[in-house]
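Structures are listed in the sections that come next.
Heads up, the next two complexes both have chain A, just with different partners, chain B and then chain C.
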Partner chain A sequence: MKKALVAAAAAAIFASLASGVSAQSLTVGFSQIGSESGWRAAETTVTKQEAEKRGVTLKFADAQQKQENQIKAIRGFIAQGVDAILIAPVVATGWDAVLKEAKEENIPVILLDREIESPKDLYLTAVTSDQVFEGKVAGEWLAKDVGSKDCKVVELQGTTGSSPAINRKKGFEEGIAAASNIKIVRSQTGDFTRTKGKEVMESFIKAEGGGKDICAVYAHNDDMAVGAIQAIKEAGLKPGTDIKIVSIDAVPDIFQAMAKGEANATVELTPNMAGPAFDALEAYLKDKKEPPKWIQTESKLYTAADDPMKVYEAKKGLGY
Partner chain B sequence: MIWFTRRLRRLAPQLIALAIILGLISLMAPGFLTISVQNGRLYGSLIDILLRAAPVALLTVGMTLVIATRGIDLSIGAVIAICGAVAATLITDGYPLPVVIAVSLGVGIVCGLWNGVLVAVLDIQPIIATLILMVAGRGIAQLITEGVILTFNDDTFAALGSGSMAGIPIPIYLWVGTALIIGLLMRRTALGFLIEATGINRRAASLAGVRARFLLFSAYAISGLCAAIAGMIVTADIRGADANNAGLWLELDAILAVVVGGTSLNGGRFSITASLIGALIIQSINTGILVSGFPPEFNLIIKAGIIIVVLTLQSPAIMTVFGFIKASRRSDKLNHGTKEATR
Partner chain C sequence: MIHARNLPFVTTLAIFVIAYGLCVLQFPNMLSTRVIGNLLTDNAFLGIAAVGMTFVILSGGIDLSVGSVIAFTSVFVAVMVGSFGVHPLTAFLAALVISTLFGCLMGAMIRYLLIPPFVVTLAGMFLARGAAYLVSTQSVPITHEFIDTMLGFYIRFPGGGRLTLLAMVMLVVFAVGIVVASRTRFGANVYAIGGNLQSAELMGVPVGATTIRIYALSGFLSGLAGIVYTLYTSSGYSLATVGVELDAIAAVVIGGTLLTGGVGLIAGTFVGILLQGLIQTYIVFDGTLSSWWTKIVIGILLFVFIVLQRTIIWYSDRRLAVRQLKEV
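What follows is the complex of A and B.
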């Protein structure tokens, strides 16, 4: 028994030496909001993968949508003396006190996916996507794809008043601003769901002369696009050719549609927020290099040219 | 004939409201009322209304009975999610269609019976009793789908949501058929009458020999059954079970449909037909907003505005005023007539 313990300890020391000098087996606490959506589940999976890849010991806490749980988890991490803390904050306010406690213990804090309303010196950096930019990438793709042809676009918005809906709408409008041939003729909310996306698209098709006048659908997320694709098929038109489909998020199901030629493009909201966070953290711990206060994740555009089935297989296991 | 005119008088406010709403929408969106045949199926916004009303219409049938017993069923939105999740899981596991349908319907009835136990046996107030399943139900559905949108590619099951028979979408058959069967069951037997008796005064009904507990059980079970059918339609329609969003807030639309249909939340007299017209009114507003091209920020305001007008016109106070005007006019005429005669 004793021998085995010693051997295990020796192995552990050896492994930590072998894992490299840069990350001297860091211990990082991660306070996740919960698992309310497929994307959130994928973010958790990818964060664990990224930690494992770098030999970082990740302490994971699921807050089940409650800020008090997150604050408790952060206090717990501070008490355990972790090297750094990652937070996906559930709300924007109320973090000052607990972040000050972390600062006093010299534990750097990195925000993932959302920003907060606290003094910027209380955290190291925030890694988030730029929702306006996502919409802009989608718009620019469409402008390039249709060229100089006239194009009537129908838009399926997210939940009315939510920040992704507002920002992705704004970004798309910026993206097509230069192309006067592209016009958004109808815009309604599909509440980010498949059912509503399908229902709204059915009405759009009827309102726009049986759908023959519609040249493209822009959906604020992939789920609504999947619903719209079904509505288009049932109206006797071909999604992807008769009506182009461009959406945001890059969840696995849209790649299946893309492989069948029924969807044209999607802009990825990457679940890999932890990768850039760990990079910034390692650079900071090693050379005291302060990262910028905001690290923007890549909003990658996927089209049929990117081997959709391969992407689908890669994304399938992430928990979307 | 007398029966028919009496029915018509009962349904008149709802029918008039529906006609006015459809008229208004067709003014704003030309082509709204046209129906054509495309790919061998009827095609047009009116068909869309009948099709998209299916889930709420089904829920409304069960909700009418529950409300007639002086109860309320808040859980049916969550039951939609549970039954949809069960159906999608069984389909992906490769079970044959009859098994999938039977098990899903069974699960719906069990959910209804659970509510029945809480209300009829434990005497918990219906709004609290059904709130339990409303909150817990989505969690159960999440557990069944393991937190993802569970998709499937089974064309026969998908036909329940998006297929058509003789040019008419299958969900329309399902809700009209269910409403007919349950409506006949209620009105061609004494069941409906006994449910009304239970709703007006459960104690008195029991003392008079009505098996009130059994009737409460059946009302909630039928409500669960209707939710199960709606759940399968919703799931089949998008070829996937979305535990988070399937049937979300539909219980409120169903309650609204019953109220617009003129059935009192205090229980007693009910009319399934009037409730269904209420459901069609709600869906007409939803579809109308979509085709008329208002910005989405106005959706809920427009919906609320129209419903306030409909409910105000039906309110007892306004009805009394109408009755008064009518009566005074009639007596005017009568007075006038007698004066003429005496002259």
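What follows is the complex of A and C.
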């Protein structure tokens, strides 16, 4: 027993020495939800790249979609004495206790991609995209592109009731509010999937006189847009010219379609949430500069003018 | 001289100590009270459920409903406290009564309808998960003064580690479990049923009552694990703790309990839980390994232990045969 105590004390001293030595380079823990979607995988890849670029040692933990795994990982990071923790939270609730522990140890926590229902003083900042703004960018692009022509739009919604579906719909409506010539004539859920997007688009084409009357498709994500492109082709129409395609996310596949002239515009949901997070963190650790509680990522618009093949090449290695 | 039956337990303990030693060599920070506190707190709900599972497996049964019952309890408590404003203690009590009765019912079906435990508890798993969805599909946060007090209660170790109330509950459950299994008539009956059902019945073991009690105990402990999980995340979520029953079974088997029943120790399960937690902690400390390695290592350990148990049984059977032969 005595020996164990001595060993423990020795280890503790050694540990404190070790942490003193490595004070210059940052060690950051990143608790990711999992790899359920291509975008999520890309976010992980980009976070690792951003860390490497800045000389930050990144400790990565994949929670396999389980909150208990994320809490364990965060506690593990605290025990390790990391300099900061990034979390992409799997659910919005249940973080208070573990975040309090981090706060007591003066470890700043930054949320990526999603916000949580906890007191705002428990985390440094949240880096997320503005989903309403994404929809608005798409809507404004369409309004500018069609000019004063009459335009009937069909909308492929995301999963009913999900926050991206609600917000991206709202934003798009805001974007076209000023243009009275643009009207959403049909709107249905395509569940964010390619197959459902195609099915729903087929029924839209049947319902709208073989598709001749449809001027544009607005899809809440690129996957549904790719499905819709397929349906339009099968109906004997030309996607991109007969029917314009605008969607959100900017996954690699939509750039291939864009290069072929089959898609017109996409708004990027950037997988680079870590870049702004590291910037805020470095500023905070260096000058104690408190960042705003919410950092909005850029929602960049891509069109055929942006060399889609080049973007595709840049994005395809990210794990989408 | 170690009894052959305790060999799996001793092996697990040795593996744990050696593994911990190796981890500490690589990451000296792992030998901190904080890591030990985390091991206990983070695995509290799993540990509590695993005690119930040990009794079930000792009796030669299996309980697949554990994870679902935990999820149901957590959603139930969260909705009762969060939406209906019931005092947490009342909600806890109600949840424990429901989960215990649920276990009773499954035990009765296993005993009196002679349906295999696997089938009954599989149905129970779907039923409890469905009921959880019925209560709420959203994650429901709980904020209540009483719960904050409970969470704020912990003993601080030197070095920043903390023994939380949740960890204490688990330790108490293990202590009581060890006493019940080794020092009570009920415990002896569980071992007897698991060892050989026919001879237990012939010896006058009350098989019916014991079976129902075993599943009621597992139901009760799943409910308690659910409450601990609710406190752990201060919320209830119907999608939570999918597959926790399998983690519990893995801990029980790694801890040296024979899957066919009759042999095993509650203390072994405790080491099994710690070993699983240690692997996860190591992966977080390393920070580059895929977290799926946890499952791979657990899988390998399970294989090793099942083979080890088989070998021990084969060896002791052979020794028995040799002795009988000599007597003849």
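For the reader, a short list of remarks on this structure follows.
Operating definition for what follows: the second predicted complex is superposed on the first by the 297 of 320 C-alpha atoms of A that agree within 3 Å, B and C clash if a C-alpha of one lies under 4 Å from a C-alpha of the other, contacts with A are read in each partner's own complex, and residues count from 1 in each chain.
Here is the rule we use: a residue touches a chain if its C-beta (ideal position, glycine included) is under 8 Å from a C-beta of that chain, and two chains touch if they have at least 3 such contacts.
Nothing here was measured: the structure is a model prediction, and the numbers come from that model.
Once the two complexes are laid over each other on the shared chain, residue contacts for A:157 go to chain B alone; chain C is not touched.
When the shared chain is aligned, no partner comes close enough to touch A:262: not chain B, not chain C. When the two complexes are overlaid on their common chain A, residue A:41 makes contact with chain B while staying clear of chain C.
Residue contacts after overlaying the shared chain place A:79 against chain C, while chain B stays out of touching range. In the superposition on chain A, contact of A:195 is made with chain B only, not with chain C.
In the superposition on chain A, A:320 contacts chain B only, with no contact to chain C. In the superposed model, A:66 makes contact with chain C only, not with chain B.
Residue ranges on chain A touching chain B, taken from their complex, read 35-38, 41, 157, 160-161, 186-189, 191, 193-195, 198-200, 202-204, 206-207, 210, 223, 226-227, 230, 234-236, 253, 319-320. Across the interface of their complex, chain A is touched by residues 29, 31, 38-39, 43-45, 48, 52, 147-149, 151, 162, 234, 237-240, 242, 244-246, 287, 290-291, 293, 295-297, 299 of chain B.
Taken together, the chain C residues at the contact with chain A in this complex read 24, 27-32, 34-35, 38, 41-42, 45, 139-141, 151, 159-160, 229, 232-235, 237, 240-242, 277, 280-281, 283-288, 290-292. Put simply, chain A touches chain C in their complex at residues 7-8, 11-12, 14-15, 18-19, 29, 57-64, 66-69, 71-73, 75-81, 91-94, 96-97, 105, 117.
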